[in-house]
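What follows is chain A paired twice: with chain B in the first complex and chain C in the second.
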Partner chain A sequence: MNDKNKIITGLIIFVIFITFPFWYNMGKAAPVPEPKLTEKAKLEKECIEPKEFMKAEHMQILDVWRESVVRNASRTYVSKTGKKFNMSLASGDDSCIGCHSSKADFCDKCHNYASVRPYCWTCHIEPPKEKK
Partner chain B sequence: MENSRRSFLKIAGISALGFGTKPVLNAFASGGNSEKHEAEIQKNPAALKAKRWAMVIDTRKYKSEEDLKPIIEACDKIHNIPKHTNKRHEIMWIWIDEFKYVFTNQEHEFVDDRVKHLPFLVLCNHCEKPACVRACPTKATFKRDDGIVLMDFHRCIGCRFCMAACPYGSRSFNFRDPRPFIKEENKEFPTRMKGVVEKCNFCAERLAVGKMPACVEASNGAMVAGDLYDPESEIRKLLKNNYTIRRKPELGAGPAIYYIV
Partner chain C sequence: MNSKYMFSLIAVVVLILLAYVGVEAAGLQVIFGIVIPYIAVLIFIVGFISRVMDWAHSPVPFRIPTTCGQQKSLPWIKHSKIDNPFTAGGVIVRMFFEILFFRSLFRNTRCRINEGAKISYIWEKWLWLASLAFHYSFLTVLIRHLRFFLEPVPVCLQLLENVDSFFQVGLPGLFLSGAVLLASVTFLFLRRIYIPQIRYISLAADFFPLFLIISIATTGILMRYFTKVNIVGIKEFAMGLATLHPTVPDGIGSLFYVHLFLVSVLFAYFPFSKLMHMGGIFLSPTRNLPNNNRAERHINPWNPSVKIHTYEEYEDDFREKMIEAGLPVEKES
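== the complex of A and B ==
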């Protein structure tokens, strides 16, 4: 049993190797993203529906919207609070992008974190980048 | 000792029950919550409506391609239609063709000179029985109750069955990303992407806010859109007082674009 040293060194190397991902990412855990509101959105105070609902359901809303606009020609959304919105992802002042005009600071913040890549922007036109 | 173990188990049991049911209760709570969001979806009261949309094109009102350019431009511009340099990649919603290709069944050797050399505007015929709708495997192409044949670009998988089915060649395929070929983007309308088919949409987005199709608006009266089933409509009057022809009616698709020659 003279190989004790070798075995121990091997074990140490093995343990370091196996736990390497943890070391490597230590202290770098991606912080939960905080989507930034634009000045315009801040003025409006409220999204089309309550924040928590939007967080969880915005993809559903968009899906309902596009179905309704394209197939039923119904383009006006009246929220629970009685406010009217032109149902659009990216055109007009009261579309999603009308308020959340900085896609990079808002939608992308969450989406990059959650690793979702909606393909909408290959057709729907993004607002210009420089706007903050 | 006995006693305390007993009470410990009791408490543990009850709290396990509590934790166990919490998600269920949450689900109930959120179910109630989402019920509160009785949002509503409405139509714009100003929207133009018809039982059956159709168009009449009065070919007597123009003479040359120059007269038709502004009409095509108007459409291209608001719908972000790319201008490809390669002809084979061309995207067309409304375009110009010759009599012999447009009215293949009426063409003969002795067609009069005016008609022979006149440019004809062609676009999707918004057929009564659209072959493209039957061919589409994903229901991306569909016919609305008011007769407009539309595409839901979100569903198009680019199989091009519709292009094979359409007897009028009204559809174009995006062989390339169209964006680099759009000079000036209209921010109010999405572009398309590589791999989808597209065609004229009778300006559904304009009708929905009370505007006539862009081509009609730009045509100085050479094109008229209206309700085919309303005997008082302008297009019915035009149809009543003028002899009109349609493209390839013998196929039975029931095209809704009428030409006064």
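== the complex of A and C ==
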């Protein structure tokens, strides 16, 4: 019995599958996204916590905030340095989108790159596009 | 205490420490992040191919299917078409159920001798269930990881992620596959520890992949839900690997390198281990051959060519003498 042809066909299919990322990205240099900061955010210099911390933990902070606001009606966030902030994602100037006013230029930049689709905006109203 | 699992456990702990110290103290990001993963993938592909080609060289002269049903026989005897296939189509159906649903594992029973020397066979489905959960969740986790290696991320991957994080538990959303993977691999490990017979037949080579996969899943879960890593930096790094322009971005914790190093070890170890059942299941002669020995003649390909002398030829040689001696012949002249 000689099934070598079938086996080699199977192996070729396997190798194509395994090396998929290599040829899918061929010749494409995907740029690393850089979220755009608004003038207001630049003036503030620092978000509620340092940049590196915010990069890694912002989703956790928002999750805790949601719990705190919805369940406990407590809207004050005390940062590590002792500063007080209003817990809000999308209501007015004193909220996340008060500074980071463009979802497309800020949130989506990294979220799309890392294939993350948070469900913030299924309840909250997205900031209007023209507002800068 | 069992030297077999202790040996594997220590091996995995040493590997974890090696990566951790290598990155944290010695700053060998380039070695652990770029050199070792490339070598591991190379070993995986070359090793896998050569292992399968080695199997392909062994001839299978005779159909040796294990049968779990009635062979094709007389028309009034009911033929079990899937469990005892007669045609290539039947074999394809049997292989399909074997590979995707682990059909032969589903037949798993546990044998026990009861009081009064009565034997009983117990329906034992936990192993089948846990291995099915394990293999499918591992596959899902593996496919999900492609989001780090592909840009733009294909829609089918996004769909998979949506299904996987269906329950929207916490932020970042809990992926069910990760939790199921860790739970099922832990079950498969505990089974080897707690059932005495299984513990007796388990070797270090059985425990090593289990510890390795447990550590990989744990580091992955830690990174996603607990210590948090800079995900954009990791994607940048993974894209560098996939586009063959590797870079080491700053701000990636050593936990990531531990995860990556363990995955590299798993890939490199794969072709030399029992994990090759991934390729082997396609080539198992007891599963992938139709049971048609009675209907078709299968000639051994390595039979030596034997010089034969038939009775007709014998009679041709000695006909006159045989007639003279009064012996009966088949042909008179």
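By definition in this document, the second predicted complex is superposed on the first by the 103 of 132 C-alpha atoms of A that agree within 3 Å, B and C clash if a C-alpha of one lies under 4 Å from a C-alpha of the other, contacts with A are read in each partner's own complex, and residues count from 1 in each chain.
Keep in mind that, in the parts below, a contact is a pair of C-beta atoms (placed from the backbone, for glycine too) under 8 Å apart; a residue touches a chain by one contact, two chains touch by 3 or more.
Predicted model only: the values in this text are computed from it and were never measured.
Chemist: Based on the superposed arrangement, let me know which partner A:40 touches: chain B (first), chain C (second), both, or neither?
Modeler: In the superposition, A:40 touches no partner, neither chain B nor chain C.
Chemist: Of chain B and chain C, which one touches more residues of chain A?
Modeler: Of the two chains, more chain A residues are contacted by C.
Chemist: A:117 in the overlay: touching chain B, chain C, both, or neither? Say first, second, both or neither.
Modeler: A:117: touches chain C, not chain B.
Chemist: Just to be sure I read the superposition right, which of the two partners does A:125 touch: chain B = first, chain C = second, or both, or neither?
Modeler: first
Chemist: Is A:79 contacted by the first partner chain B, the second partner chain C, both or neither?
Modeler: So A:79 only meets chain B here.
Chemist: Looking at chain A, which of its residues have contacts with both chain B and chain C?
Modeler: Shared contact residues on chain A: 57, 119.
Chemist: Hey, which residues of chain A end up touching chain C in the complex?
Modeler: 1-4, 7-8, 10-11, 14-15, 18-22, 24-26, 28-30, 32-33, 52, 55-57, 59-60, 62-63, 110, 112-119
Chemist: Residues of chain B touching chain A in their complex?
Modeler: 33-34, 36-44, 47, 142, 144, 150, 152-154, 177, 185, 187-194, 204, 207-209
Chemist: Which residues of chain A touch chain B once you look at their complex with the stated criterion?
Modeler: Interface residues on the chain A side: 49, 53, 57, 64, 66, 68, 70-80, 84, 87, 90-92, 119, 122-125.
Chemist: Show me the residue ranges of chain C that touch chain A in the complex, using the header's touch definition.
Modeler: Checking each residue of chain C against chain A gives 41, 44-45, 48-49, 52-53, 55-56, 59-61, 146-147, 149-153, 157-158, 161-162, 168, 170-173, 228-232, 235-236, 239, 242-245, 251, 279, 282-283, 298, 301.
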